[in-house]
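What follows is chain A paired twice: with chain B in the first complex and chain C in the second.
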Partner chain A sequence: MAAFAILTLISCNNEGNAVNTVESMKTPQMENFDKAFKSLGDPQNRPTEEEKKRNTSELSDRRKALLVPASKELILSSGVTEAELMRKTGGDMSQIIVWATQIYMKKSDEIRKNIKSEK
Partner chain B sequence: MKKVLALLSLAAFSLGYAQGGTLILNNYSKYDFYGYIIANNTTGNCYPHISSANPEMVRVPYDSHMGNGKALVYENYRDQYTSSLYPMATWSVALASGSSSITPRAWNNPSMAPGLVLSNNTKWATTKFVMYYPGTTDLAPDNFNGAVTLFNNCYSAPSNFTTPSGNGAEIFSITSGTDTITYIQLF
Partner chain C sequence: MKKVSFILLITAGVFTFAQSSPIIIQNYSAYDAAGRFRTAPAGGVAGPYMFASPNAPYGMYTVPAGGFTQYNSFSTTGTATFPIVKWYVTDYTNPANNGSYAYNHPFISTVMNSANEWASFHFVIQDPATGASDEYKLGDPTIDPAFSNSITGSISSADWFTITTPSGPTTYLQIF
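Moving on to the complex of A and B:
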């Protein structure tokens, strides 16, 4: 009985190792997108005194610009062409970031579903 | 014409997202976040006012963010329960000031659905929180706790702060047309 229990435990452990995690299944573009958001916490990227005095909670243009390159990369990696990206957003930073965030969420949902179906 | 097309495609793209918008909380810090998630009316008065109730405070462990799929993501009051890693079973809903108007409402209470009065008239607005050493209730150093809230909101708090040791918290939104994504970030 004990041996059986141990065997069961071992097999469960092995399964655990084989199962992919969200982290391991992320694309480089998703990783860079997250890194861009993390970089908002770097000392030079924190809100300046002037930005703190603004009458809004909308992210400042200076800080939005930090998110745009990774956002564009993520959108392009989903199969959208550069021309399409420009046509749809007109280069508007907010549109680009919001679009990228929606793609990000969709992709992580898909990854999570794949992991669940593998289990 | 091109502009019209662009607008139309954007409008089509926007459909299907709750008006209140999505909340994403990234905890990049090395401490566990433990806090209330609060939404309210941001035009005119503070009601409806909706606060996390079960659990009252959400624990988002250290190093939990989009990058490792552990961010807290709430698409709306209802669907978060089935889609989020941090499901909120009950919200505390106040329609007016005074404790008599506060009612607990389950995530699947029909009024919590996107596109209805509560969702359409509130925005993710505030978190009141403490930061703990991982897995403990020992406070992080340098008063890394407090509240961040949207500018000029009902709750009196800044939108961001930084501690002497360089940790920080902030809330900000990114708005495109009718789509708003609200981010809470801990560094």
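Moving on to the complex of A and C:
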């Protein structure tokens, strides 16, 4: 009986370690959002010489476009309809990316809170 | 005339950067990024600037490998995932302001929130296994020309950019 209890405890502990990280609890849409941002680091997606010469820190339209599909997906996954998305952003890439970023951060905070309350 | 242009300058300043904006920091690399995270007046004009205190348990401001966080303004950084509980202010234009302030000190919310923008992160990334490292002076070159907004290193790369909407800019600090 004691051995069984110890085994149970160990298995629960291991489960906790494996499951309770923000990384492992991200939704597929959040993971795709990460992938899109990470892709800005791929050699072909680094700023071109021309983009580097612009006297602004605003992300170029070419690189913004790389973030839009995953951003849209993330917004829609939060229960917003396509029509609502278009009405609120007018299809503007910047507004779509910033909105999705806020959803991503909010969801991450919720995940962090859940992890804390489970501990 | 001098007085008038001074007043105009001040007014322009207030209208240009009256509102603090968010920054999103994401470290997608496999290594911690540690260094000096700075805020400064827009356009690199003279005025107060400040550095972030180390976030516990680190000895220097650090964005750990795989970590991400958001700061909505300088005066709320103490409650973020990687908390900045103190700001170290330097002000050559008014040395009486020099010193360290708690993030929620009224000086940060009433003065610094409108006087500064997110400026730069001077940091090092090191692979503890091989010792290979990259040093970055990443930031807004219009604030300090010694900083660049996109840099590719030997074991990593990094970007500093804004995405601007009608409600203002959001700054992104990305390490790959």
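Criterion: the second predicted complex is superposed on the first by the 101 of 119 C-alpha atoms of A that agree within 3 Å, B and C clash if a C-alpha of one lies under 4 Å from a C-alpha of the other, contacts with A are read in each partner's own complex, and residues count from 1 in each chain.
Operating definition for what follows: a residue touches a chain if its C-beta (ideal position, glycine included) is under 8 Å from a C-beta of that chain, and two chains touch if they have at least 3 such contacts.
What you see is a predicted model; the values in this text were computed from it and never measured.
Trainee: Please tell me, clash or fit, for chain B and chain C sharing chain A in the overlay.
Mentor: Because the two structures are overlaid on the shared chain, the partners are seen to clash.
Trainee: Looking at the overlay, what does A:Ser108 touch: chain B (first), chain C (second), both, or neither?
Mentor: Both partners, chain B and chain C.
Trainee: Looking only at contacts as defined up top, I'd like to know whether chain B or chain C touches more of chain A.
Mentor: The partner with more contacted residues on chain A is B.
Trainee: Quick check on the superposed pair: does A:Val98 touch chain B, chain C, both, or neither? Answer first, second, both or neither.
Mentor: In the superposition, A:Val98 touches chain B and chain C alike.
Trainee: Does chain B (first) or chain C (second) touch A:Ala65, or do both, or does neither?
Mentor: In the superposition, A:Ala65 contacts neither chain B nor chain C.
Trainee: Answer with first, second, both or neither: which of chain B and chain C does A:Lys52 touch in the superposed model?
Mentor: In the superposed model, A:Lys52 contacts both chain B and chain C.
Trainee: Looking at A:Phe37 after the superposition, I want to know if it touches chain B, chain C, both of them or none. Which is it: first, second, both, neither?
Mentor: After superposition on chain A, A:Phe37 lies in contact with both partners, chain B and chain C.
Trainee: Let me check the overlay on chain A: which residues of chain A are in contact with chain B and also with chain C?
Mentor: The answer is residues 23, 34, 37-38, 40-41, 46-47, 52, 55-59, 64, 92, 94-95, 97-98, 101, 105, 108, 112 of chain A.
Trainee: Sort out for me which residues of chain C touch chain A in the complex.
Mentor: Within the complex, chain C contacts chain A at residues 24, 26, 28, 66, 68, 70, 81, 140-142, 149-150, 152, 157, 159-166, 169-172, 174, 176.
Trainee: Which stretch or stretches of chain B touch chain A in the complex?
Mentor: For this pair, the touching residues of chain B are 2-3, 5-6, 9-10, 13, 17, 22, 24, 26, 28, 65-70, 73, 75, 83, 150-152, 158-160, 162, 166, 168, 170-177, 179, 181, 183, 185, 187.
Trainee: Using the touch definition from the top, list the residues of chain A that touch chain B in their complex.
Mentor: 21-23, 26, 30-31, 33-35, 37-38, 40-41, 43, 46-47, 52, 54-59, 64, 87-90, 92, 94-95, 97-99, 101-102, 104-105, 108-109, 111-112
Trainee: For chain A, which residues count as touching chain C in their complex?
Mentor: For chain A paired with chain C, touching residues are 23, 34, 37-38, 40-41, 46-47, 52, 55-59, 64, 92, 94-95, 97-98, 101, 105, 108, 112.
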